[in-house]
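Shared between the two complexes below is subunit A, which has subunit B as its partner in the first and subunit C in the second.
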Partner chain A sequence: MIVVPRLSTILLAAVTGVVAVLLYSPLFVPIVSSFFPVARGEVDWSSPTVSTYVALAGNHEILAALRATLVVGLCTVVLAVVSGTLLALYYHGRRAGRSLLQFIVFLPFLTPPIISGLALLIFFREIGLERSLLTVIVGHTVFVLAIVYRTVLTRLQSMSRTLVEASYDLGATKWQTFWRVILPNLSSAMAGGAILAFALSFDETMITILVTGTQTTLPVRLWAMMRLGFSPDINALVALILMFTVLLCALAARFLVPRQIATQRS
Partner chain B sequence: MSSAGLGRPIAFRWSPLVTALAFALPVVFVLAPLAIFLVYSFFSVDQGQIVYAPTLANYLRFFTDPVFLPVFWRTIVLCLSVAAISILLAYPTAYFLTTLHGRWRYVLLMLLMVPLLMSYVIKIYAIRSILGLNGFLNKALVGLGIIAEPSTLFVFNMNAILLTLTLLLIPFAILPIFLALERIPQVLLSASHDLGASNLQTFLRITLPLSLPGVASAASFVFVLAIGDFLTPQMVGGISGFTFGRILYSQFGTAFNWPFGAALSVALAMVVIAAILAGERFGRNRGASL
Partner chain C sequence: MNQNCDLLTLRSVSKSYGTVPVLYDIDLAIRDGEFLTVLGPSGSGKTTVLRLIGGLEPLTSGEIRLDGQDISDMPINRRPFNTVFQDYALFPHLTVAGNVGYGLSVRHVARKEIAERVAKALELVQLGRFTERFPAQLSGGQRQRVALARALICQPRLVLLDEPLAALDLELRRQMQEFLKSIQREVKTTFLFVTHDQEEAIGMADRICVMEAGHIRQLGTPHELYYKPNCEFVARFFGENNLVAGTLGETRGEFRAIETALGRLVCSVADQPHLKAAATGARGFAAFRPEALHLAGDGDAGNRFSGAIADLAFAGSSTVATITAGGDAAQRLRLRFPSRMDGSVLRAGETVALSFAPHEGHLVLA
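And now, the complex of A and B:
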């Protein structure tokens, strides 16, 4: 227990309060303006409205971008979970070259997105792959692979070896052991990794801007619109996205925090 | 669970094909692009066509042209300032969290991390509207009588980039500092009090030195994230707020000089690697924690 005298506690709490306000104010601006009309920087508190949400439903450009984002997100998740799990299963244990390859898997996560994005851009050009949603999917998969790999590997390392041995002792084949013992044990880690990967893909902007073609995802479409100044229905979209992401992360936390800890805490 | 985490592989035999695939995936999609990128920095451009002949001209231009090095330094200083301000705000916050007990500590930590989930682009836009001429910041300052009329000091310049990046990246500073503070053994603090040290002495001689690795990690995180960002300067920097990331990005857009852009990226990568290594070196030094 850290003993702090009153005055300094108050000062510390004050700084924390300021930081919280700083962090949350950019979140509240779009949410508030999604419900209240804004004219010349003044919020009109007297007439709350949901018209922005109605207008959003008719904005085809945004809806198309949203669809593209979901397609990219789902493909990314499938690719990243399959290859991340396989890599984790493969590199689990001490294999030659493991730490080097692990480092390579983590590279896109460590390097600034502008560098990974540009490297991929040149790579796609050199192999003659036209920029499209496919290149975006590849870019996202490479970016989120490390997260899925790490999550699955952590679970694999905490898994008891005796489970697998028991399975073999009871006469199960290699594949039976995989499908009936290993995979069920990994499933919640895979689900958690998948949700994290989806959340990252959903918001990824910098790599996407560099490798996208004519069809593009929501953050990049928003980016393009913001530079011109945009219609208020975007605020509605922003509010919806925030709710959606918080929900996703709450889900991910459920899958990734072990049950016992979760019940202890609550 | 006795054999858990011993690092022994769960028994599986892998065919050579699987082995090849396991190696191919990271090598083809991560290493190859980066390697090609590095090679590109030694090429040149002639009338919109890339000339595949090795040259050092790009690097020479970076070091000799009067435009690039000053922007490079200015960007490094900017990102160091972002890291410094973030830490000045994050340290007291993280310290406050460790004074809380039980569930509240983690609830508050989670609440401070939630803004990270919000779309990056949208946050930049919202911050720009707060900093703008008609924005909330100017309204508040005028309302408080600190300035007479709305100022353009906070938007479309270097200040705006500094403020925006700080606002975006504070959570990345809070987390490592919090973890370092939380790891300090309470017995050390009790011992310090028992030996008659004042609270301030205990903080300066025990808590602060033991939390410095966390501060180093935080600084390295924030710096690396700030220097790699080209969206924020583009959105809030205006004409005067020109950063290295923007110049780099423009080489792939308007300027259309990919090889030179690749060379600039190599320079950026060097700084990033140095920052990560420094963060590792000083962030690892946790000998005193029990």
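And now, the complex of A and C:
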């Protein structure tokens, strides 16, 4: 560790503190104000209340958007995890067309969302697919696939080749080796990738706006509401989503740390 | 087990990776119940031999026979062999018991029987208390023993060990050598052990197969390899040795002369018909071990010559003198003698008379 003189330590702490406050305090404003009523555009700090949460429970538009977001997120995660894992396994098997595959998987993630969104929109129209949550799910899956693929592939590559050889050596078939050795060693990477994919899908706006039908997801709904000004129940919604996101991040961190390191620490 | 019966034979086995050949026409017979060590420097092809037998790699040509039956095309998971990998290859997501029982579980052995046999196997390797630990919670030596138990539990005909001690520190390695040897005697299974460490090979093997550059150079007991190496490579690689180049002279009974820069030396050629038969004038080496060389007394017959002591190195129980002889600075000899408490009688720079007995020297062809 670098030895830092006492005064510098205090200065460092102060700077860190200021940066933390600047970065994170905006996040706390909606959380705090979600517990106070708003009258004529001003927050009334004198009387704490949970009325915004009650109002949120009655806001059917928001709740429908939230439900749509969750449905899209879950479907996207399932599709992306299954196909991302299969792609990673294929790539790791050192077969032909590897670099092309890598390129294709990463392309949608790297192109600006508006381009991906437009491309998908044109594609769906050409094949005559009505815009709906289904098209949103397809759009999101294409977008987040690279994340799951990369996470799983990294784990595969860090897995010792001799694990698979040892499994065969001990008499296991290919199928048994896949289910009993490869998949269990990938599962935490798959879970981590799934959480990241869900988070990405959750706030994806650009592609969603372009390919969605009559139903909207939460970010799109919030986007639309901006024009009319926020109602107080948005604060409650933001507070809930923030809590949920923090939980997801904690879970992702837990899964993406390899098991061996985790056990060695305990 | 009958040690004279061949368990596994390799017949003109070759292996290339792409266009790069790594094994040339290997013939090898492994006897039932023996501890056979394949010894060679890195890149000699010793690990490839093990991988071919284990079925981890396909042969390029030749065949492998088990009990006389060709198994060259038998898939790896059907071969009655198990491997202890260099990095142990323990499954990180399974407990010690899960790892050891894996081979039985994939063969659908009943759960109760697996538990019993796992307990017995762990007892054998003295890890009975560790069943529920994960590999990450074990020390290197313990992982090694789990890997061994996992390989033994399916009662393989042959256990393949790929430099399993390489990752351990010296003290632990010594312990594991004895441990492996005792386990092998206890389970009476054939062990094929690959290593680059000749000390390890001498200590454990019934027979040693020395490999270099994709060829088997010699196969024999440690004693045979040490005292009757059949080529320059084995003579230099296997233990410390003194080699003096020269041309072969006449044969007299069990001895043959060789003309060298140190003069005419006479060495044993007993039981080595190819040395008796070699043409006079053929190039070769007189070889004698550092412990066979000693200071010549007055009445000493045998091979006498003089040399200058270049260096003395104290090595505990023995001291090794490096000597230049025959007027050639590049011709260095080593003389090993028991250390004495009151210091060495030799001094660096001194010229001394040296000798070795004809029956303690041998010949190798160049």
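Here is the rule we use: the second predicted complex is superposed on the first by the 225 of 266 C-alpha atoms of A that agree within 3 Å, B and C clash if a C-alpha of one lies under 4 Å from a C-alpha of the other, contacts with A are read in each partner's own complex, and residues count from 1 in each chain.
Criterion: contacts are C-beta pairs under 8 Å (C-beta built on N, C-alpha and C of every residue); 3 or more make two chains touch, one makes a residue touch a chain.
As the structure is a computational prediction, the values presented were derived from the model and not from experiment.
**Q** With the two structures laid over each other on chain A, which partner does A:V21 touch: subunit B (first), subunit C (second), both, or neither?
**A** In the superposed model, A:V21 contacts neither subunit B nor subunit C.
**Q** Which partner does A:I10 reach: the first (subunit B), the second (subunit C), both, or neither?
**A** Touch partners of A:I10: none, neither subunit B nor subunit C.
**Q** Looking at subunit A, which partner touches more of its residues: subunit C or subunit B?
**A** For subunit A, the partner with the higher number of touched residues is B.
**Q** When the two structures are overlaid on chain A, which partner does A:A57 contact: first (subunit B), second (subunit C), both, or neither?
**A** Neither partner.
**Q** Looking at A:P184, would you say it contacts subunit B, subunit C, both, or neither? Reply first, second, both or neither.
**A** Only subunit C is touched by A:P184; subunit B is not.
**Q** Is A:T162 contacted by the first partner subunit B, the second partner subunit C, both or neither?
**A** both
**Q** Which holds for A:H92: it touches subunit B only (first), subunit C only (second), both, or neither?
**A** A:H92: touches subunit B, not subunit C.
**Q** Let me test your reading of the model: by the given contact rule, A:Q176 touches which partner, first (subunit B), second (subunit C), both or neither?
**A** The answer is second: A:Q176 touches subunit C but not subunit B.
**Q** Regarding the shared-chain residue A:V82, is it in contact with subunit B (first), subunit C (second), both, or neither?
**A** neither
**Q** Hey, what residues of subunit A end up touching subunit B and subunit C alike?
**A** 160, 162, 165, 168
**Q** Okay, in this complex, where on subunit A does subunit B touch?
**A** Against subunit B, the touching part of subunit A is residues 1-5, 8-9, 11-13, 15-16, 18-20, 22-27, 29-30, 40-41, 83, 86-87, 89-95, 97, 101, 104-105, 107-108, 110-116, 118-123, 126, 138, 141-142, 156-162, 164-165, 168, 174, 178, 182, 199, 203, 205-206, 209-210, 219, 222-223, 226-227, 238, 241-242, 245-246, 248-249, 265.
**Q** Using the touch definition from the top, list the residues of subunit C that touch subunit A in their complex.
**A** 54-56, 75-78, 81-83, 85-87, 89-93, 102-103, 106-107, 134, 136-137, 150, 154
**Q** Can you list the residues on subunit B that touch subunit A in the complex?
**A** Per the touch definition, subunit B meets subunit A at residues 1-14, 18-19, 21-23, 25-27, 29-34, 36-37, 40, 89-90, 92-93, 95-99, 101, 103, 106, 108, 111-112, 114-115, 117-123, 125-127, 129-130, 132, 134-136, 139, 167, 170-171, 174, 186, 189, 193, 199, 207, 224-225, 227-231, 235, 245, 248-249, 252, 258, 261-262, 265, 268-269, 272, 276.
**Q** Spell out the residues on subunit A that touch subunit C in their complex, using ranges where they run on.
**A** Touching subunit C: residues 160, 162-163, 165-173, 176, 180-181, 184-185, 259-260, 263-264 of subunit A.
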